[in-house]
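What follows is a group of structures, each given as structure tokens.
The two complexes that follow have chain A in common; it is paired with chain B in the first and with chain C in the second.
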Partner chain A sequence: MADVDLGSVTRLRLERAARSVLGALAVFIPVFLLGTFVTYFLGYLSGLSPAHLQLGEAATPSAVARLEHEWGFDRPFIVQYVSWFGALLKGDLGVSWYNGRQVADLLSARAMISLSVAGLALVMGTVTGVILGTLAAVLQSTWIDRTITALTSFISVMPSFVVGIALVTVFAVTLELLPSAGYVPLEDGVWPWLSHLLLPAVALSFDTTASIARQLRVGLISAYRENYVIGASLRGFSDRRIFFVHVLPNGIAPALTVLGMKFPNLLGGAVVTEAIFGLSGYGKFASDSALRGDVPSVQGVLVVSVVLVVSFNVLVNSILNRVFPSAGRGA
Partner chain B sequence: MFRRILQLRSARLGLGLLSAILLLAIIGPLLAPYSPLAGSDAVLAHPTATHLLGTDYLGRDVLSRILCGSTVSVFGAVLVALIALLVGAIPGILSVYLGTKFEWLSLRVADTLTALPFLLFAASMTALLGNGIMQAMVTVGVLVAPAYYRVSRAAALSVARSQYIEAAILSGASVTSIVRKHVWGKVLPPIAIVLASTMGHGLVVVASLTFLGIGVQPPQPTWGGVLASDLGYLSYRPYAPLFPTFLILITVWGFNLIADAIRDVAGESGRVLLEQNAASTLETKQKSARRAKPAPARHDLLPSTRTRAAPAAAASDVLLSLKDLTIQHSTTGNEVVRGLSFDLRKRRVLGVVGESGSGKTLTCRAILGTLPKLFQVSRGTIELKGRDISEFTRKDWNAAHGRIISAVFQDPASYLNPAIRVGKQVEEISRVKNGLSRRLARAHTLRLFEALQLRNPQLVFEQYPHELSGGMLQRVLIAAAIALEPEILIADEATTALDVTVQAEILDLLLDLKDKIGLALIVVSHDLAVVAKLCDEVIVMKSGEVIEHGTVHEILHCPQHEYTRLLVAEHNSYGLDRFLKVGEVEKLDHAS
Partner chain C sequence: MTVSIFVRIAVLRSIVAVALTLLLSSCKLAGGSPRGSGEPRVLKWAAAFPANWDPVVQGSGGGFRILALAYASLTEIDEQGTAQPGLAKGWDYNEVGDEVTFHLRPKLKFSDGTPVNAQAVKLYLERAKAQRNSALAGDLTSIDSVRVESELDVVLHLTQVDHQIPLLLGQRVAQITSPKAAQDLKALNGFPVGAGPFKVVELVPESHVFLKKNPDYWNADQIFIDEVRVYAGTDPAMVVSSIQTGVYDFAGLDASQVKAAESAGLDVVIQPGFNAANIAVNRNKKPFDDARVLEAARYAINRQEFVDKVTLGYGSATNQPFPKGYVAYDEESENLWPYDPEKAKQLLKDAGYAPGSLSVDFVLPAASPAAETIQAQLARVGINAKITISRNWSQSFFAKDLTLSIYGTTGRESPVQTLTAHFGPDGPLNLSSPFVSDEFLAAVKVARATPLGSPDYAKNLRAATRAALKSTPLIFTHSLPNLFVKSPRVSKLPAIPGQIHWTSVKLERK
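Let's look at the complex of A and B:
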């Protein structure tokens, strides 16, 4: 009897794990495939070739044709795509047309800057968003709730470059508290490093803060209206236990979903914040390379950003499935 | 619909702002006092009479640059939204009609475009594809398109699935009137909302791109470009970003006001409605507990009263006593329960019968101290083990719930936390309230599950509420309710939604529990059969009043009130007995 019971319990657990993994893969493999395809197709669509970048004014038709043959640009599109995708799976992002260096190396040199800004913004946005959203939900319909709601709807419409410029004007130029631009590696000390990242991260985090706060407020308020809260209260649990064990895990689902959707914005918004704060991360690299017509470098950045987005979403999804198992029902 | 939107002050404000901006975008270049490209020696000048907003680092007049830049900035945003509408809405509608392959593919494309880092792709694509304003608008339009794809798909789906359109076709309405009445009303509001919000979003994106020098090259003026040229000289003119920022924010605000107004009128968010509904149905415990206490004396806490109340309870065995209980709706003043009195003694079962809306559930909620927000006890008292519950603090209720009084309801699934395995939820009770270790609490839970005749308790322990049937969930809920061995259990329509055999099993269990752990039960039901099976004593309620109160025998066999007679008679005529008799009559007919 005991064996049968344990067997069915294990099977139940395995089924759940398999369903959550398969569900995530079904959504994100197509996103990865299509995202990388769009990226490659973009380069093809631009009609740019290394010949124009390298030969410059000296580009004669025969010289262009020779160079394009060398790079394999006279092959059919689909052949080029397959060989590019194959290299991509091995981690080879090609060679920059601009300076002939490996794109993967160029990117890994900048990874620290971009990821620390995006990561810091993510942490700051989540923490402040959670605090504001929770306060607004617990103190629902009080002046605190109204203030927070007004604040979040205000900052959600603030474009990140406006926030960035405002921060530079106030904290760097007027108060001279923090540096206005540049980057210092972590090896030079934690505070110098952090002080250069704080303003861009704050500018980038506003959107996340606002979304998380709003979604969490809505999620918590609707969780508080659920019968299981009455149920928990009738079992004699304290307000605190009801909030942390029964309301929060259920109310957090929409905020978590939004967090997954906001991560692309954090990476994308870096284009603007890096320009304002003079950081040479992925955003700056992408816009500079694109303006130069350095197709492989642009493709490299975009592919890496797609991979980051997909991995982050798989992570968020698996957390969601863990915290909120019935969400996986439909998948 | 349009008129109703215009009645909102916010919508009028939004329209006013947008008209002003639109006017600026059209005639702005004509108003410019200087050429936007002409430099001068007066570099980085502060605002003066000749240069109202000062000059930039090349000595160009900032006001002229902003005025001339408004055309590209505003119309860029409008065009982005229109391109996105075209690119998104058509596949969105087609996805409903072109079969599953196209549907799957278009959904994946929309997913992918949404998942891409927006600005990064917009900037790279525009720059790679030729770095012109057309390229910028098309790329941004394509990247925004999934928003339109989703709303138009949802609208098309709801139209395709709605039966009232079929009904309208069958009733002979003309196609144009159907489209006008049923389709546009559903399709237009969401599209209009997305249009307004993507125009606002598009403005920000176009401004961001031009800020980066992408889409429009530097000498040509745009709002974003003006911002970018100010950025390097903040120490000279720290106020400079305010001017273009002000215009950008005003425009975005205008679009958002319009989007919100449409949403409010079309009932998309239905915010007001939702909050009213929620307030009238359910609410969190602590507020009602706070409301229900008129400043209790500090010394009157549970331990002392227990000893004081004990002799009285022992003398009469009364666990719960209601005297003249009256519950009022706080805003309308309607009395939804009037003058209800009864005593509940140990091991007794009291039935409360009546149609829905007769105040049965509100009475239970009042006894449990969880009256919904809009209701209050306006008269009378509820005494739980000799103590007036209006004096209960949150702490008193924490001590009373589960140990003295407990409850199960209809729709058991909703009373369990969907995110926690059911075993853990029952285990939590004895762990938290009795301080048992995880292992002991688990063993106790499994014993409870077994006692409630759940097959394979270990498996049930590991399952989530959505994985269990209604009957199993009700058993789990009863297990949770009796985990602390309460003295009173309220079963409010606890078996109503279950099928008949399960219902009978659950009723047997309740009776069993009454005998085993000495429970007193309050069984609320609209079903006389349930009451007859379980109860010693019955209260019949109608429109908030008790119309009959007696033993089961009295109520069933000699009902005094007309309504009770009706209930009994209905039960007789629709009950099983009647069919049995009919069957017997038929048998007799066959025999003869």
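Let's look at the complex of A and C:
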């Protein structure tokens, strides 16, 4: 009897997992197809040619025509797209017009820098945001709540280049505590690596801090006002139990949703921060490539961004569905 | 809902604990490693990264300065711009001047162990002339063929009498590559193999390149830096703080940051150069096919305004492709077409254009303050220049399809090469190509045929400059020296025009 029960449970779990995976794919595949098509189409629409980057002073009309033929730009759009998409499915993001390197290699060389900064910024933003949001909700309507609300409003509108320059001026130039720019790989030591990441990560984390703090505050205050919380309080449950068992799980959903959307933003949106702190990361690569008109590199960045954004959204939706089954029903 | 004091205390306690942990861990880690006197002397340089590491593909643009860390060139120039020995310890011309033999230094090796010999030079020059993606082919039209005379003697047979060859085969055009490495051109373009003052040990495109001193470099005794680390450039606004805090030791400097650098106690390096900016006008297209309109545009330009507004006072006005003081700068031509807006207006009127009725497309590769200054100055005399930014600008520019544009040269070691690039019938920078005046062709032939040591050299060169300026519609505006900022721990750099030389430069240990 027990064997039958266990088998049923396992089958049910497998079915649920399969449904979850199929659901995720049903979201991922159309978005990926549409996103990559738009990405390629935009590159095509730009009318840019590798000639402006590769021929320089030798860009005579015949040399340009020869080069464009070599790149296959004299073929119909749909043929070019199918060829590009076929290569994309094999992990080939094409070759940079600027330096002839594989775009996938150029991006992977930057992955560690961007992941380090974005990861640290996410941790900082989450920890600070959760602390501030919780504090503001728990101490709602006090001067601490008002101060936190004012602070988060202020830092959410601070442009990252202003924050970056201010941090460098205070912590690098004046106090001489941290380096003002550059990146040192982890192999050179934990502190050298971390010290180069702290200021850019702080600059980058402000937006995450503000968003999470504000969403968490609203979510927690709203949960505190629910009847089940009032009921639990009347039944004499401890404040700690009420907070951790009834309020936090029910009030964290908006903050969790924001968190899921922040990581791709941190990774791809670090253009200004990476420029200010001299980091050769993903954001700087994207902006340099766009300014140069290096279409394959920009397309590579966009494809990776599409994958990241969709993946994180699918991941967050899965977590939300798991934690709050009502979210999956759209309730 | 009232929240108990318990929750408040618990939350506050958590915050204090996290803060203390972070503080303690940072203090513990902040100690860093002690720096001993035995540590290598490392120069950290923030720079714009070259796209290509094969000098043949990279060409003679500004990126050659970074490549010069890894490659040695056949010749060098000194602070006066005079040709000096490099990999070649000397050279001889034949009596006619159409053949030159370079004598290489013995026992030199590329960083992959291949010998630096006549065969390596021959293969490099032939590759630079013939390789499909060579950016140097146009610079080497004077070289007809290359012959190996002996292990260390290489003979260049020329297409014409040309005494500029020792200047030509300097850092911009003849950074000799290892013939073994050149068997795989793609690999060479991603990882340089030369016989320069440093060897590359790590290279991540557009991120960083780390180099170590090359003990086999011909002038290694004069290299006092153990390692060079070049990082892809930082934001211009952050250069000063980066040098100030020791992140970098040396970087290019925007003119707007000079005062900040000086205030921070850093050394501003004003390196002489051959930089010159021009307005490229196509005399084959309307309305500049009318000599009066062309002349009006020349009189409309107030060069001092470029010096004040574009270079923020650090540049100088020039109506020539050379800065004032350079051997090819012609003082006689200094006042050709001075700023005279009234005369410009009159010329336009004579050409049949009422004030404001003349419009012309002004196509640029990118937005620039210089272009806006040009637009404003032309507007003052009644020419409406409509600015368009085109990412495919180079195709139209080098196909000579544009009517009005701008260009800035970083120059060449050979002044004749600079002149022919701008004013020659095939000159890539001559927007009116194939137009050329007979006077210019004759003058440049004389200049080219004049030996560098001849007492007539400067005179003939200036005559060629004069003929060039009178022939074509390129309107030169200003010259900005190469601005750099360095940490005071880096000693003075040799003031070699247009180049960055680390020979004899010393670095204090931190």
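Just a few scattered comments:
Everything that follows uses one rule, which is that the second predicted complex is superposed on the first by the 292 of 331 C-alpha atoms of A that agree within 3 Å, B and C clash if a C-alpha of one lies under 4 Å from a C-alpha of the other, contacts with A are read in each partner's own complex, and residues count from 1 in each chain.
Keep this in mind: a residue touches a chain if its C-beta (ideal position, glycine included) is under 8 Å from a C-beta of that chain, and two chains touch if they have at least 3 such contacts.
Computed from a predicted structure; not experimentally measured.
In this overlay on chain A, chain B clashes with chain C. When the two complexes are overlaid on their common chain A, residue A:61 makes contact with chain C while staying clear of chain B. When the two complexes are overlaid on their common chain A, residue A:48 makes contact with chain B and with chain C alike. A simple residue count on chain A separates chain B from chain C, and the partner touching more is B. By the document's definition of touching, of the two partners only chain C reaches A:240; chain B does not. Of the two partner chains, chain C is the only one touched by A:280; chain B is not.
Using the contact criterion defined above for the overlaid structures, shared-chain residue A:185 touches neither chain B nor chain C, since it reaches no partner. Of the two partner chains placed by superposition, chain B and chain C are both touched by A:293.
Look at A:232: by the touch rule set out above, it reaches chain B but stays clear of chain C. Contacts of A:119 after superposition on the shared chain: neither chain B nor chain C is touched. Of the two partner chains, both chain B and chain C are touched by A:173. Chain A residues 46, 48, 165, 168-169, 173, 180, 224-225, 229-230, 233, 238-239, 275-276, 293 lie at the interface with chain B in one structure and with chain C in the other. Note for the complex: chain A touches chain B at residues 4-6, 8-9, 12-13, 27, 30-31, 34-35, 38, 42-43, 45-46, 48, 157-162, 165-166, 168-169, 173-174, 180, 224-239, 241-242, 245-246, 249-250, 261, 264-265, 267-272, 275-276, 282-283, 286-287, 289-291, 293, 295, 298, 301-302, 305-306, 309-310, 313, 323-326, 329.
Interface residues of chain B facing chain A in the complex, by the touch rule stated above, are 108-109, 111-112, 114-131, 200, 204, 207-208, 211-214, 224, 227-228, 230-231, 234-235, 238, 241, 245, 248-249, 252-253, 256, 278, 281-286, 368, 370, 394, 397-403, 406-407, 409, 411, 414-420, 428-429, 432-433, 456, 458-459, 462-466, 477, 480-481, 483-484. Contact residues of chain A toward chain C in the complex are 46-49, 51-61, 64, 98-101, 106, 109-110, 113, 127, 131, 134-135, 138-140, 165, 168-169, 172-173, 176-177, 179-182, 189-192, 194-195, 224-225, 229-230, 233, 238-240, 243, 275-278, 280, 285, 288, 293. Contact residues of chain C toward chain A in the complex are 1, 3-4, 6-8, 10-12, 14-15, 18, 29-30, 32-33, 46, 51-52, 59, 61, 133, 135, 137-138, 186, 189-190, 204-208, 231-235, 237-238, 241-242, 244-248, 391-395, 397-399, 428-429.
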